[in-house]
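Chain lettering (A, B and C) follows the sequence in which the chains are written, and residue indices restart at 1 in each chain.
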Amino acid sequence: MDLIASPQLLFSALVLGAGYALVGLGLNLVYGTMRLLNVGHGDLVMLGAYVAFWCFALTGLPPPLAAPLAAALGVLLAEALHRGLLHRLLGAGAERIEANSLLVFFGLSIIVQNLAALAFTASPRALRTLDDVVHVAGVAMTESRIVILLVALAVCGGVLIGLRATVWGLAIKAVIDNGRAAAVVGVDVPRVRRLALWAGFAIAGLAGALLAMVEQIGPFMGFPYTIAAFVVIILGGLGRLGGGVVAGLLLGFVQVYGVALTAPTFSSMLLYGTFVAVLLLRPQGLARAARIRS
Amino acid sequence: MNGLVVRDVGKSFGGVRALEGVDLDVAPGAIVGLMGANGAGKTTLFGVIAGNERADAGTITFEGRRIDGLRPDRVAALGIARTFQIVRPFRALSVRDNVLLAARFGRRPRDDDPAATTAAALADLGLAEQAGRPAGALTLAEQKRLELARAVATGARLVLVDEVMAGLNATEVAAMLDVIGRLHQDRRLTLLVVEHVMQALMRLAQRIVVLHQGRVIAEGEPATIAGDARVSEAYLGAAP
Amino acid sequence: MTPRAGIAAGAALALAGAVPWLVGPYGLTIALNAAMWVALTVSWSILGGTAAYISLGHVAFYGLGAYVVVTSWQVLPLVVAVPLGGLVAGAFALTIGWPVLRVRGPYFVILTLGIAELVKYAVLNVEAALGASSRLLFGVPDNRTLYLATLGLAVLAIIVAALVRRSRLGAGLVAVREDEVTAETIGVPIGRYKVFAFALSAVIPGMVGGLMALRSAYFEPLQVFNPVISFTIVTMAVVGGAADARGPILGALLLVVVSELLWANAPQGYMIALGVLLIGFVVFAPGGITGALARPRP
């Protein structure tokens, strides 16, 4: 029981939660503006992790510095996706089109994962850096984890502030809230969506680069992050990016403290269990609260 | 009382009280009109009766049985059908299959000859020629008649007709009035009709109930309602 | 079914039944795969094809059936153990059906994905608690027997799917696919129907899982509960045309052939091909091959 109260555990939960919040933020931006569920979101994290790995293995560049590269890769992929497929998928948001677009993203995810497996082999990689331990207030923290926590929170904070304080941010918020109304008041909706897509993918890539410091890197590592991202957007509420950050942190806490109360083998069950529970308790997914009808 | 009895029904959506203390009686075989400006609560009331929504106050009884809180298929099984304000045909299915589905499900005891019921419904609604076409290919007026054909094919005794004239031109309105009148007579249906097209409602309904902001504000014969000051005030006052 | 089609089907069935005596061991492997995928995909389409509730988690049923067989086959005769696997899978689907099927559209898809993973890790933990990390099976039936059993399941799946399609349940499910709210309003008991179709679609995959566990004579949760299986089923159904009776069969057979060409050299190549096919068909031919071939009725 001492374990539960330990600040060590708190730190672990914060780091994991911050990672989830960051990954989820990326998905939230994409989903919020386009209502498309990217089941391959976690694979962007995976690609970002590989970028960091190869940069480190080939040039010794530390992952936090490789992160912008990973983000840039994300933007590139976003643009490729946007030109290649999205104009087909965006349109009347009928339920079946949404389900179909999900299958398309799923197909893409499988392709990306297997291309990565072909290119990098399925053997898991790991990189070791920034693993000096620092003691803060009696808690032992590895440098890498501190970096993850700080950068994740900084990016989340930056985005949240940017959404309120910049013109583009407000435009994104408007499109998330009501795309049609935003168009009526003059917002260039397609351009905003493209920007949100870029941002969402970039954030995912960046998160991957950071997480490469603490996670095993493999072609199929992305899926748990996709699940975490979904928990974030469903629990946080559609378009409530701030709520999403809280949800991500919460998920981190559930997993870390859950494992502490049970056993490490329950880690995955906690993640998927939370996901299933969240979906079952909010069967409407992200439907806006009660439309007012005549 | 053997018809539809709505007592003190209330319903909220989020912070908005869509229905409040609504009382309504529809005797068997009657045609009752339901009037009100947009947002008055007419479609909500239909949803609550048919089971698509759950009232949070009050009771609804049909032929002596409580139906509030029942799922729509149970309500249909008891003999109530509704049409939708914005038509909802099964687009990819043929007109006949649309109606056949209603005949195969709908009221209990189950129809033992759904094909015959379907043919009769299609004939009554003038859709026999269109039977093989996909429902999505029909004109709006035809799709509205399809809604009605489906409703009667379920074997319902009470049909909730939701703005079936909306979007129709004068000729189509006259035709629809004719069709509804004949359905009412030939099949001895009870009808609760929501309509915006005033003249149509006045001619069709034996009695009219007026809703305003979720409450019943007037009730009576068409002529009386037409002259009621509160009603015109509600309409003029609520005009956008 | 017309008499001519009946004779053709009978001939095909007789031929399929004679396969073990007509081809060598390699051919038998392919035939076994074909029978397996047909059984899985046709069963999946009972819900996925008629009501368009796309389950991406069907491997959960497959895996549960496998687990039941693997843990009970020493004590129960196989004739009991395998159907028991199917029953357990069906019961599981029935139990989770009500809450799960309230979730609509794309959320249902990802929910099934999540449930399959959850079941996988649950079984993994149970096995860990039992002290078993993997299980070897000794004295399993030969491939010929397994093939005939799987073929039987494939035929059963086709028959069940056809019966559902013709029944009021099938008609109601079609209405659900078109417009769930309207379907319920005209009297279709959508909740009951969806759950029942879901449970029905789980039983045969459970039995197939059991047979395949015997085939590989090896059980390891992470391998058995492979999401690739769910993905392959859905792709086969989409390629063939989920809504048509023949679609899942066509899709399964086609992709088994493709896998024979690609898998041996690079399983990743096969997966990429599947991904491309899935995307291609969803975007360009959502009705699958059978949908594209069907001509609009006059």
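One rule holds in what follows: a contact is a pair of C-beta atoms (placed from the backbone, for glycine too) under 8 Å apart; a residue touches a chain by one contact, two chains touch by 3 or more.
Predicted model only: the values in this text are computed from it and were never measured.
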Most heavily contacting chain pair (counted by C-beta pairs in contact): A-C
Closest chain to global C-alpha mean, per-chain Cα centroids: C
For subunit A paired with subunit C, centre-to-centre distance based on mean C-alpha positions, whole Å: 32
Subunit B and subunit C: spacing of chain centres that average the CA atoms, whole Å: 43
For subunit A paired with subunit B, centre-to-centre distance based on mean C-alpha positions, whole Å: 47
Of subunit A, residues touching subunit C in the complex: 37, 39, 85, 88, 95-96, 98-104, 106-111, 113-115, 117-118, 223, 227, 230, 265-266, 268-269, 272-273, 275-276, 279-280, 283-285
Touch list for subunit C against partner subunit B, complex: 168, 171-172, 174-175, 178-179, 181-191, 296-298
Complex contacts: residues of subunit B adjacent to subunit C: 50-52, 71-73, 76-77, 81-82, 84, 88, 90-94, 100-102, 104-107, 132, 134, 150, 154
Subunit C to subunit A touching residues, read off their complex: 52, 54, 56, 99-100, 102-111, 113-115, 117-118, 121-122, 124-125, 128, 231, 234-235, 238, 266, 268-269, 271-272, 274-276, 278-279, 282-283, 286
